[in-house]
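What follows is a set of structures to go through.
You will see two complexes here that share chain A, one where it goes with chain B and one where it goes with chain C.
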Partner chain A sequence: MANERPKADVVIVGLGWAGSVMAEELTRAGLNVVAIERGAWRDTSTDFPPAVDPDELRWHTRRELLQPMSVETTTFRNKTGQTAAPVRNWNAFQFGWNVGGAGTHWAGMSWRFLPWDFEVATQTAERYGEARLDSLMAEGLQLQDWGVTYEEMAPYYDRFERIAGTSGKAGNLNGERIKGGNVFEGPRERDYPTPELKDTNWMRMYRETTEGMGYNPFTIPAGNISQSYVNPLGVTMGPCTYCGFCDFHGCGNFSKSSPQACILPALMRRPNFTVLTETEVLHAVKHEDGKTVKGVQFVTRDGEEGFQPADVVCITAYQMDNVRLMLLSGIGEQYDPTTMKGTIGRNYSYQTCSSVTGFFSGAKMNPFIGGGALGVQIDDYNGDNFDHADLDFIGGAGIMGYSTNGRPIANMNGIRPGNKRWGSEWKEAYARDYQEVANIFCQGTSMPTRDAYLSLDPTYKDRHGQPLLRLTFDWNRNDKSMIDFATEKAIEIMKEAGGEDLMVDNQAEAAWNPYKQHSSHTIGGLVMGSDPSTSALNPYLQSWDCHNVFSVGASAFPNNGGYNPTLTVGALAVRAARAIHETYINNPGPLVEA
Partner chain B sequence: MASIKKIGAGVLGVAVIAAAGAGVWAYQTLNTSRSAVADDTITLAEFTSEDQDAIARGEYVMRAGDCAACHTRGAGDFAGGYEIATPFGTLVSSNITPDVETGIGAMTERDFFNAVRHGQGSEGMLYPAMPYTAYAKLTDQDMHDLWDYMSTVAPVSNPIDENGGMRFPYNQRLAMAGWNMLFFDNAGFDGDPETERGRYLVDGAGHCSACHSPRNELGAEMASAYLEGGVVDGWYAPDLTQNPHVGLGGSTAEEIADYLRTGSDGISVAAGPMAEAVEHSLQYLTQEDALAVGSYLTSLKASDVAPVAPLSLDTAEMQRAADDYEVNCSACHGLAGEGITGMVPAFAGNKAMLSDPSGMIHAMLKGARAPHTGVRQTAAGMPSFAWKMSDAQVAEILTYVRNNWGNGATAVNPAQVAQMREELGAREKIGAPSH
Partner chain C sequence: MTSPKSPGMNRRQALFSIGTAAAATGLATTGRAAELHGFPHETAMSADHLPVPAHRGGSFRILTDETDRATLKAAFDRLIPADDQGPSASEAGCLEFLDDQLSRPYGEGAALYLDGPMNREREAAIMGAAQVFATPRDRYAAGLPALEAYAQATDGAAFAALSPDRIDEILTGLEAGEIDLGDDVDGQAFFELMLQNAREGYLADPLYGGNRDMAGWKMIGFPGARYDFRPYIEKRGEELNLTPVSLIPND
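On to the complex of A and B.
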């Protein structure tokens, strides 16, 4: 082939969190790794040092760290039968566009999923009976286990937390419940690498209020780390300054867990690692027998095509692109909601959310003290932490009082209801309410359904002439009931805390819309599982269809927990990389028999 | 490292004058009789060594001497090609791979000794950008080992015209003889390299004084102020004597060893040319050798630089600087100037920054980066503030950190900042929209 590069042991497609974690594991094991990243090189002190990082207009409003829509977008429709149209503004999901990927511009909430999240089908049947599960499935939910348990995931979570420097307080140390931590979390072997962040005024109020109501508040585990820390790779991170310019921004002072702050300094010096930046993988190329791939076809910024041969291909791009690359490469079969055959694109889900805003006359919330993951949460209504026997849904939500930011542009609509949103009345109201407003956020689970899926769009194409990905999605009945329930709890808490003039935004009240989401957690479409008829990947993130293709991302989640996805993505990346270098390389073939 | 070549280039003018004016060849300066211990029959291209221990020792000598810093620059290991801009033209580092046509493959071991220890190369006199002035101290054993190591380097064909970019008369290699006559002490190490291992490393392979000793008006190191600090390439190489105010007084050999091998002693962090030296050379020192260097440095007599009483921070300028510091610097350097251990330099207790402020101005205007070492992997960057701060703002902030948290130092003058902004080609502060 023209422009064929020297063969690599492993090619990594997309150098975000998953790609960086895998490249680190694989190069340390001695493998020769080439990473191909569509975006440019981005470095802390050059691209977003402290004097540049808090430029809200540039990073948050104008989304300069995100991939431009002109490069690639998705199309969207709520249901089959509608004609999907291109999404024109990044709101509901945010493609990374640089070395570090979305791991550079994420907020930092660093959750392990609950043990229940990995086994929703099994545990629902066990606790509430087979009939309950059957009825949910009959309704259209596509519940299935991940093929891996929390217990199996725990060591990988631990490894990723150590790399990321995660701040937090354990709530379950080897089965012993510890007040002040999250007592609902799965057992962990040791405490977090760095202590939990400090409380803001609102966090203190939220903590005291929920505790008084009999709940179990705890500080959210954070990738905005509380003190300087040296990770197992020998990379040092700095203490968070609570500047509050985190999501959509880089971090100027090496405090936000990211590939830049945690992995790249060590990885870039390894002689067996190469990264090709501003180079886009178009698709993988299969061998004639179709059972394996021989490498990936790419195109450079200057439009030159090339081929990177490799023994193993790891697809670690953004969730959407992982699915799209599999479809463009012809690996596996497109999911069809009518026949329910095919696995690529199946089990797409989002994150079911709501928010409750209250105002506290005369308060000084000082929201300029913030952190992307700064908040106090209760998990009393998350997952299956509460009895669903008499409820008409499964799942739940983490309910947090947060202090993530005080960005002046982003918060300018955060004024009491009834005030004008312009002119001198708005100015007066904003000057007052900036200090008096407080928010509660319900971040809920999302269950997959038969009708929500990803596929290639029949009409719209990207700049290279390849079809865009089409999203077909709307909220389902179960998740709407769940978030209604959680929102009521949040309203009770806000009132108990003394909040007035409440504003409630329940995202699931209207049809899902890509322009008004509070979350950016888009998951599934290339899910892991132990049954090749319902999952694209086996429990080691290996393609059932091409055994030398692995894919890691939130795309692998069969259902969404009531949490941010990053820590689970990182843990899965460690798991997949170890499966490759400990087993697959020496004995190539399916790691699990279908 | 890069800086030493600048020094060499900077004294070329003197060299040419000296060569023209002296008219007499000093036998001592050009005496290469010490090279007689080396073989003069087998070329590097032909030579192979089976002595793995000698090869390993030779690699260590190469690391200690930091050969790769100049001779490995993108064209392949030791294939040369590093361009050094000088006021007299451009010098290019040579190809020292065993390639016969374009490297040093045709050299015998004796030729090699002559070049490394005496500055006499295959094409004539070397420019003193090559620190043969210090390598002259290397023992025969270290030279033999280095030769063994060089024979294992893969030959790379990369033709280099080392001085083709130099203008007349600086392109005349013979002129260097005059420079040598004036400044080159063509003698081996004057002690026992075993028992005085620290001094041997500092004065020989390490060539520390090339940067850390001040230079006289003719560009030669001042022996009377040995290792008392110097300015190189717009960076200040600090006082390494036991001076308690601006030097290493109070530092232990262990702390110095830590700095050499990791780039930080927990307070200061190497930057500029020293970061390169740590990354490419010093981190490879054994702990024993690093401690030997530390012990030797802690044995040096203190320079007589007196402490400077702290300037008052109770002025409008310093209050403004305090605000600027908090907004721009404190995120990494800390509210109390404490830095981040091993990653970001502290200001509190950092004596190396109380003398000449060149390095600090340099870092403010062009940014800086810590070395990457096996122990400390971060290699954190310091961003440039040239776009954001005026000369006066940079000067004020530096004066503030040099006189806060127990520090005391002279004020930094905005004119110093302006001059360095021009010398470094740093950008001007961004223009504010006019009203």
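On to the complex of A and C.
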């Protein structure tokens, strides 16, 4: 093939969180790894030092670190049969496009999923009876286990937490419940690498209020590190300064868990690692037998195409692009909601959310003291932590009082209801309410349905002429009932805390669309599982269809937990990489018999 | 192709080429794809991530039409009027801010997906609201004359000559989607664009030409680009009286 590069043992497509975790594992095992990344090289001191980072207009309002829609966007429709439209402007999807991926500009909430999240189908049947599971399935939910349990995941979670330097307090040490930590979490072998972050004014109020109501508040585990720390790769991180310019921004203090702060300094020094920046992978190229791939076709920023041969291809291009690249490469079969055949694009889900805003007369919240992951949460209504026997839904939500930021443009509509958004009325309201407002956020589970899926759009193309990915999605009845329930709990907490003039934003109240929603957490479409007729990947994240293709991202989750996804993505990346270098490389072939 | 591997290029050159070429264009990066081995040790800022202050010197570069500018000032100064809370939008530099923003990639709509087919009704139905089909620069170029034409038609006067109450009435009508500015301009969307940009100018770092004397930040008590609140986090609920700090020194 023309313009062919020297062969690598492994090519990594997309050098964000999953890609850099895998590259670190694989190069440490001695493999020769080439990573191909669409975005540019970005680092702390050269790209977002403290004199550059606290710039809301540039990084948050204009989103200058994010991948623009003109580079690649998504098309969207609520249901099959509609003609999808391309998402033209900034929206809920907030993709990364630099070395580090969205791991550079994420917020850092660093959760392990609950044991229940991995086995929703089995545990629902066990606890509430087969008939309950059957009726949910009959209603259209597409529940299935992950093919891996929390217990099996625990060591990989531990590894990722050590690399990322997660701050927090254990709530379940080897089965012993510890007050002040999350008593609902699955058992962990040891405490977090660094202690939990400090409370802001609102977090302290939220903690005391929820504790008084009989709940179990805890500080959210954070990729905003609470003290200096040296991770297992020998990389040093500095303490978070609560700067309040975290999500959508880089971190100028080496304090945010990110590929830049935690992995790249070690990875880049390995002689068996190479990264091609500003180079986009177009698709993988299959061998004639169709059972394996030879490598990936790419195009540079200058429009020059080339080919990178490799024994193993790891697709770590973020959930949406993982699915799209599989479809563009012709690996596996497109899911069809009418026949329910095909696995690529199946089990798309999202994050079912709501927020409750309250105002506290005369308060000084000092909201500018913030961190991306700074907050206090209760998990009493998350997952299956509460009895659903008499409820008409499964799942739940983490309910948090948060202090992420007081950025003035982002919060300019955070004024008491009934006030105009302009004129002297707005000025007076904002001058008062900036210090008096506080928010509770419900971050809920999302269950896949037969009708929610990803496919290639028949009409709209990206800048290289390749089809865009099309999302077909709307809220399902189960998740709407769940978030109604959680929102009521959040309203009770806000009132108990003394909040007045409440504003409630229940995102599932109207049809889903990417401008109305706020969560960047797009899930599924290339899910793992133990049954090749319902999953695209086996429990080692290996394609059932092409055994030398592995793909890691939130695309692999068959359903979404009531949490942010990244710790689970990182843990799956460690698991997949170990399967590759411990087993696959010596004995290439399916790691699990279909 | 020349292979993306450029053997003659060392790390410094590779990074340099990423940075400088990128600064010249709208989207964040151009220049040669770089093949990186080893940790890039250069400490110079990437050129395309250096802060770029607003153009200074008093002349407008995009909003060059005087009537347009008068219309914009009249609208902006009702969206953010001068009062006890602080200066008006124009006094705080929001016109200069907008002119500068429109001269940047934002004004060119560099991030937007503007490929066809375009179908206003269908896309609005799916997306729950009108989608954007034009760059901010073009939207102002169409919207400001449409606003002026509306005032001439309804009041027989320039928009800028209308009374504050009458301007408020028109803005209220636009906000509610009750005023038609013609086929080319979605009045409600244009109101939202002006409101967004006026308040951005009032609340963004003074680096960008607005928020003069940090008036917007002083209004709400935002301390700006301080970046380290460790000394304050445990002073819960206290009035901290922090003087705001900008990314550029005070003039």
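As a working rule, the second predicted complex is superposed on the first by the 594 of 594 C-alpha atoms of A that agree within 3 Å, B and C clash if a C-alpha of one lies under 4 Å from a C-alpha of the other, contacts with A are read in each partner's own complex, and residues count from 1 in each chain.
By our rule, contacts are C-beta pairs under 8 Å (C-beta built on N, C-alpha and C of every residue); 3 or more make two chains touch, one makes a residue touch a chain.
Bear in mind the structure is a predicted one, so any value in this text is a computation, not a measurement.
Peer 1: Using the superposition on chain A described above, determine whether A:Pro265 touches chain B (first), chain C (second), both, or neither.
Peer 2: both
Peer 1: Under the stated touch criterion, which partner chain does A:Val52 make contact with: chain B (first), chain C (second), both, or neither?
Peer 2: Once the two structures are laid over each other on A, A:Val52 reaches both partners.
Peer 1: Of the two partner chains, chain B (first) and chain C (second), which one does A:Glu25 touch, if any: first, second, both, or neither?
Peer 2: Neither partner.
Peer 1: Name the chain, either chain B or chain C, that contacts more residues of chain A.
Peer 2: On the superposition, C touches more of the residues of chain A.
Peer 1: Touching A:Val71, do we find chain B (first), chain C (second), both, or neither?
Peer 2: It touches chain C, and chain B stays clear.
Peer 1: Now for A:Val235: first (chain B), second (chain C), both, or neither, which partner does it touch?
Peer 2: Only chain B is touched by A:Val235; chain C is not.
Peer 1: Have a look at where A:Phe254 lands relative to chain B and chain C in the superposition and call it first, second, both or neither.
Peer 2: first
Peer 1: When the two structures are overlaid on chain A, which partner does A:Ile369 contact: first (chain B), second (chain C), both, or neither?
Peer 2: A:Ile369: touches chain C, not chain B.
Peer 1: Pick one for A:Ala85: touches chain B only (first), chain C only (second), both, or neither.
Peer 2: In the superposed model, A:Ala85 contacts chain C only, not chain B.
Peer 1: Go through the superposed model and pick first if A:Tyr515 touches only chain B, second if only chain C, both, or neither.
Peer 2: In the superposed model, A:Tyr515 contacts chain C only, not chain B.
Peer 1: Just to be sure I follow: which residues of chain A are touched by chain B in one complex and then by chain C in the other one?
Peer 2: 43, 45-46, 49-52, 239, 241, 243, 252-253, 265, 269
Peer 1: Which part of chain A faces chain C closely enough to touch in the complex?
Peer 2: 2-3, 5, 39-43, 45-58, 61-64, 68-71, 73, 76-78, 82-90, 97-98, 198-201, 204, 239, 241-245, 252-253, 264-265, 268-269, 271, 273-279, 298, 300-302, 304-306, 363-366, 368-369, 406, 408-409, 412, 421-424, 426-428, 430-431, 434-435, 459-461, 510-511, 513-516
Peer 1: Would you mind writing out the residues of chain A in touch with chain B in their complex?
Peer 2: On the chain A side, the touching residues are 43-46, 49-52, 228, 230, 233-236, 238-239, 241, 243, 252-254, 265-266, 269.
Peer 1: Give every residue of chain C touching chain A within the complex, in rising order.
Peer 2: The touching residues are 1-5, 15, 18, 22, 27-40, 42-46, 49-51, 78-81, 83, 85-86, 106, 110-115, 117, 119, 122-123, 126-129, 131-133, 168, 171, 195, 198-200, 203-205, 207-208, 216-217, 219-230, 232-240, 247.
Peer 1: Can you list the residues on chain B that touch chain A in the complex?
Peer 2: By the definition above, chain B touches chain A via 327-328, 330-332, 340-344, 367, 369, 372, 374-383, 385, 388.
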